[in-house]
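Before anything else, here is the set of structures, which you'll find just below.
Each of the next two complexes has chain A plus one other chain: chain B in the first, chain C in the second.
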Partner chain A sequence: MVVYIAKRLASLIPVGLGVLLIVAFMIHLVPGDPVDAILGDYASQDDKNSLRHALGLDLPVPQQLAAYVQDVARGDLGSSLIFHKPVTQLLLERMPATVELAICSLLVALAISIPLGVISAVKAGSSIDIVAMTFAVSGVAIPTFWLGPLLILLFSIELGWLPVSERGSWQSYILPSLSMGTALAAALSRMTRNSMLETLKEDFIRTARAKGCSEFRVIMQHAFRNASLPLVTVIGLQFGVLLTGAIITERIFDWPGLGSLLIEGIGTRDYPVVQGCVLVFSSSYLLVNLLTDLTYSLVDPRIRLSP
Partner chain B sequence: MNFWRKPLRGLRSVKHILACWPWLYVLALGSTEFALAARSDLRLSLEDSIRTFDPRQSVDANSQYIEDLIHCSLISFDPQGQLKTGITAKMPVWVKPNILELTLKDGIRFNDGSPLTAADVAATYLAFVQDKSFARSASFNTLVKVELTDSKTLRFELKEADASFISNLVVGILPSKYAQEKQLDPLKTPSCGPYKLKSVDINTITLEVNPQIPVDQQPKLKTLEWKIVKNEKTRFAKLQTGELDLVQNSISRDTLKTIERKNPQLRVIRSPALKTSYLGFNLRDKLVGNPAIREAMSHAINRQEIIDIILGGLASPATTLLPPNSPFQESQLKSRPFDLEKAKSILDAAGFPMKEDARFEVSLKTTTDITRLSVAKAIASQLKKIGIKVIVEPMEWGRFKQDVDAGRVQIWSLTWVGFKDPDIYRHAFASESFPPNGANRGWYSNPKLDELLKKGRRTTDEKERISIYKEAQLLLDQDIPYIFLWHEDNFAVINKQLEGFTLYADGRYTSLTGAHFP
Partner chain C sequence: MSTALNPQQRVWQKLRINPRFLLGLTVLGLTLFCALGAPWLARFPLGEAELVDRLCAPGSQHWLGCDTEGQDIMTIMLYGARISLYVALLTVTLSLSLGTFLGLISGYWRGWFDVLLMRIVDIFMAFPGILLALTLTAIIGPSLYTVVFAIAASGWTSTARLVRGQVLSVREREFVQASRALGASNRRLIFKHVLPAVLSPLVVHATFSLSSVIIVEAGLSFLGFGARDAILTWGGLLGQASQVELDQAPHLAVIPGLAIFTLVMSLNLMGDALRDALDPRS
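So, the complex of A and B:
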């Protein structure tokens, strides 16, 4: 197991490096000049040139990338061109907000999807199943940029129960988590239902019932545990999406996470910030995938991880 | 049910009510006192992050708004955007064409209690001479040295005469010890403005009153809490729920139309701003380089219609770059009247007859901002009536600016924002300001105008400057390198209870120092 983890972690390095280089190269291709954003419209060409030189932006792109990779290898992600702060500090300031939101959204999604999926599978074809699957289809279809403002309108403006935005009190986590978690809950409940339906048809379920197990035990201990393997894969992948794809939710709910930092970085052509954000996103995605693989062996003891 | 009935029955009895009255009196008194205690905090929003709290680095509007409240500066601006004294005893005086002298007021202190001296002022400005990497250094390219004449008097020596230099003296003054440092800790750097930084969070910046200001002169709003709210709909929702008391400019104009009717706790105020929108032309282009085409377009654009429908009435038609309240504006200029027939006849006479569906086709580049895009589409629709087919090309800002600077454009729409001095004409129209040296992006060249603009920069006599710039505006009106569209208004949605807040033409929040809740 340890060897397997070490190998997987080592394999992250070339993947991360590849992603980093591609993104760093692409951000340099995007039109626009960070020096314009730093010095404003009234700066003379001489001032712009000297700042460009000071920041190393006048070097050929491959040379800039090579220097950046060397710095990253030393643990230095550079300084923001716009905020005049180390990128690592900016990332560390924002990361907790992103991780908290991702975890809360995942919890919301699991709390909704697993009971819904299991019940609709057990009651397949019933009115409960129809209602649950209607929710699932709607949840997938409703975009976050629509659901978010709708939740604010209902719970903050009309009912006055929850704050509109701003990370702080526990109440402030509810709306963004609901907003992000709903779509995921919808997808997961469909997945749970399908997986449960297949498992419930298996011989071992019939055997368990024949042995006199209670229906609850049959469903939760025999069926759900076996049906949860594909779920783990999807949850792992979706958690990566939650970590990296909260840009719209962060915008709507003023959530000070990495997504909003990335957008600001792109808007101002703050290359070190964009590269730093992408590095964190790609690393977290790869780590979550690794964790997902590790979870397989816990859920299904038949699976052995070999180096 | 009994749980509810029992106390109600009890309360109905006179005996119980009488027994309760002293407590009711105390409660009523308490609530009256609560109601009478005026709020002393204000929650405002900014639509973008504060990039820096270092006055040497602040070139973006939001950073300068905060700088204006926490730092003091030599020069300041009044609500109309005209120069006034800041910490100077009187307006600076040009003792020679390139030497500016100014005297500081007495008794100015930083918020750590140390006195502000001429040496602090000199150190702050010399930082720009010594280190060109500060974002604001570009404004002080002509500055050679700063000398102390005595403990309160300074002389700024420039490479050459530059009358516009005074309007740059708005940089927040730092203690000399801090002015020499490359990086500043905003919470530990003493400042001399009406407020000081209390805390800085990713999404919240809190200012509190500078304790060094005598109590009777302190702002009544003791705490200003700035929230960074990037989404327009969220800002509006926070205003509705009372989570915000003031939002300036960053609410959609469509929302404004009904905001007061639907939200009685809110009030909308408006005031002319230093913002002039225009259509720029690449004069090297064979089509729009033809002055007849620009003149015809000028007659065919119904500015008032666009102002009323798209801008919600929050603008006034423009004839020149400077706003009507500027002493430098040439008030004799009149807009070319909206006259489609005249526009068509100009095009016919210039050799652009109507073909199948259009006389010719031009492209109009603009940003993806929803209002700018709507304006561009409206202009395209209006020009279609005289047979000019306009292809609107919305672009992300970086790409748009790169195209315009490189001359890869026929017509573009933009807005000049926050200009204080008429030297802006040199930056926008002088031959020396072709990109990348300036913002003459239409490659307009008129030797007579060049001469006037040089003279205007060198002349320190205000009356003479006024006549120079008025002449320059007449020349520009003849040549039409731009079609000036409108001067936009600033507007703010505020808590109806808030009193004493007025809008500043350049968007600053200076008037918060006199604002209060009753």
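So, the complex of A and C:
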């Protein structure tokens, strides 16, 4: 297991370095001079020079990239041009809101998908199965930027049950989590159903029934425990979708997380903030994928033993 | 007298009785018809705006209501379908061509190029979903072709990985080995034997890619970083809804979103049906 973890960590190094270089290089994709794009045409030459120096743009490109990598290694992501604060501090301030939202959405997705997937597999072909699979097919196709406004229209404006926006009471988490978690719930319920259908055909299920186990025990303890293994991978892979879903959801619900910070940074051409946000989103994605692999290898030894 | 069907005929025979495929094809056909027939189907000239009609609800005059500038939403939707489909088709063509080309080379020749390409794919895949497209569009500046480039920049990776995987397995099959033993050139092997064998999963992948590109493009437009054109895309129209109080004009949020949802779902249904029909085990 230690060798497997070491191998996986080693494979992360080139990818992480590549991500870092792309993020560092982003500022060079700004058409023309990035300093002109930030300050506008009417800024004085002194202001332009000092900003160019602050962003490290007065150095040759390879040196800029090396300096950025060194700074990131020290935890220094530069300073925000608008908030006049270190980017790391801004990211740390905004991160809890996004993480909370992602966890709530994941819980919503699991709470919907597991019962739905299990029931539709057990009652395959029934009307419940048809309803569940219609949800699974349509849920994946519902864009977050449509579902969010629809939920606000129904639950906040028409019924007045839930607050429209802003993070505060526990009720304020419901609509953003539903908005972000629905697509994942749809994908997971389909996956759970397929995985359960396969498992229910296995010999050990027949054996469990023959032993006289109750149907509930057969389904939950024998079938679901085995069928849930592939879900770990899907949840890990989908976490990235959840994270980027936060960019849109936070915009709709005025949620003060990393997604809104990214959009604010883009809108104000605050490139250090944009770079910082992109770096955090991609690193979290890489980290979650690593954790998913490690979790999966713990429960299924064939993964870590394969060459 | 019954005649033996070739593989394409067999697939078509399965597809033409598949309700999911037929439903998806109908919706896609209708969307294409609306996009191409926009000048004849629209009841108002494009760009005509009456401020008094600003945010008016659907009615006999404006069937789908009006937007924040008083333009007829049905007219914008019809012309917007052109842009949405054009961007989606162009992006998928670009990312599919690049991904297929690189995946073919990487899987066929393997070696250092394969290792390098797969590391690059890993790096690009570390930018999940809309993130890379959003950042590139925002930094370079939103325009129709920036959006195409930005989405294709992240879209080619999944195609390359899929094609490479397929090629690795196909190149070891007997018919490819036999052709190589008969002296076939690499070019002939790739284009006559390997590429046709990977086309089936590629067709399914293209269908799903089309639906995901439509969602990403609409998402970018919603955030204000979409294709900046004289015509609003469906996502751009939905983005207008976020600038006004929702209770003032609920139709502005409901109608374009419903169109995006219907088109994406129909493409997903087609993709599912194609996957089933092209699966040799079915």
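The rule is simple: the second predicted complex is superposed on the first by the 252 of 307 C-alpha atoms of A that agree within 3 Å, B and C clash if a C-alpha of one lies under 4 Å from a C-alpha of the other, contacts with A are read in each partner's own complex, and residues count from 1 in each chain.
Keep this in mind: contacts are C-beta pairs under 8 Å (C-beta built on N, C-alpha and C of every residue); 3 or more make two chains touch, one makes a residue touch a chain.
For clarity, every value in this text was computed on a predicted model and none was experimentally measured.
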Next item on the list: In the overlay, answer first, second, both or neither for which of chain B and chain C A:Pro149 touches.
Entry: both
Checklist line | Which of chain B and chain C A:Pro31 touches, first, second, both or neither | finding: both
Check: Is A:Pro256 in contact with chain B, with chain C, with both, or with neither (first, second, both, neither)?
Finding: first
Next item on the list: State whether A:Ile82 touches chain B only (first), chain C only (second), both chains, or neither.
Entry: first
Checklist line | Contacts of A:Phe281 with chain B and chain C, given as first, second, both or neither | finding: second
Margin query: If we overlay the two complexes on their shared chain A, which of chain B and chain C does A:Leu291 touch? Say first, second, both or neither.
Written below: neither
Margin query: Just checking: does A:Ile157 make contact with chain B only, chain C only, both, or neither of them? Give me first, second, both or neither.
Written below: both
Next item on the list: Classify the contacts of A:Val3 with the two partner chains as first (chain B alone), second (chain C alone), both, or neither.
Entry: neither
Next item on the list: Once the structures are superposed on A, label A:Gln45 by its partner contacts, choosing first (chain B), second (chain C), both or neither.
Entry: first
Item checked: Contact residues common to both interfaces of chain A (with chain B and with chain C) -> 30-31, 149, 152-153, 157, 251-252
Item checked: Complex contacts: residues of chain B adjacent to chain A -> 48-49, 51-52, 54, 57, 59-60, 132-133, 135, 137-139, 141, 183, 201-204, 227-231, 233-234, 237-238, 240-241, 243, 396-399, 401-403, 427, 436-437, 439
Item checked: Residues of chain C touching chain A in the complex -> 119-120, 122-123, 126-131, 134-136, 138-141, 211, 215, 218-219, 222-223, 225, 235, 238, 241-242, 246-247, 250, 253-254, 257-258, 260-261, 264-265, 268-269, 272
Notebook entry, point to check: Which part of chain A faces chain C closely enough to touch in the complex?
Noted result: 14-16, 18-19, 22, 26-27, 29-31, 137-138, 140-146, 149-150, 152-153, 157, 240-241, 243-245, 247-248, 251-252, 262-263, 266, 271, 274, 278, 281-282, 285-286
Next item on the list: Report the residues of chain A in contact with chain B in the complex, numbered from low to high.
Entry: 30-33, 36, 38-45, 47-48, 50-51, 54, 82-84, 93-94, 97, 149, 152-153, 156-157, 160, 163-167, 251-254, 256, 260, 264, 267, 269
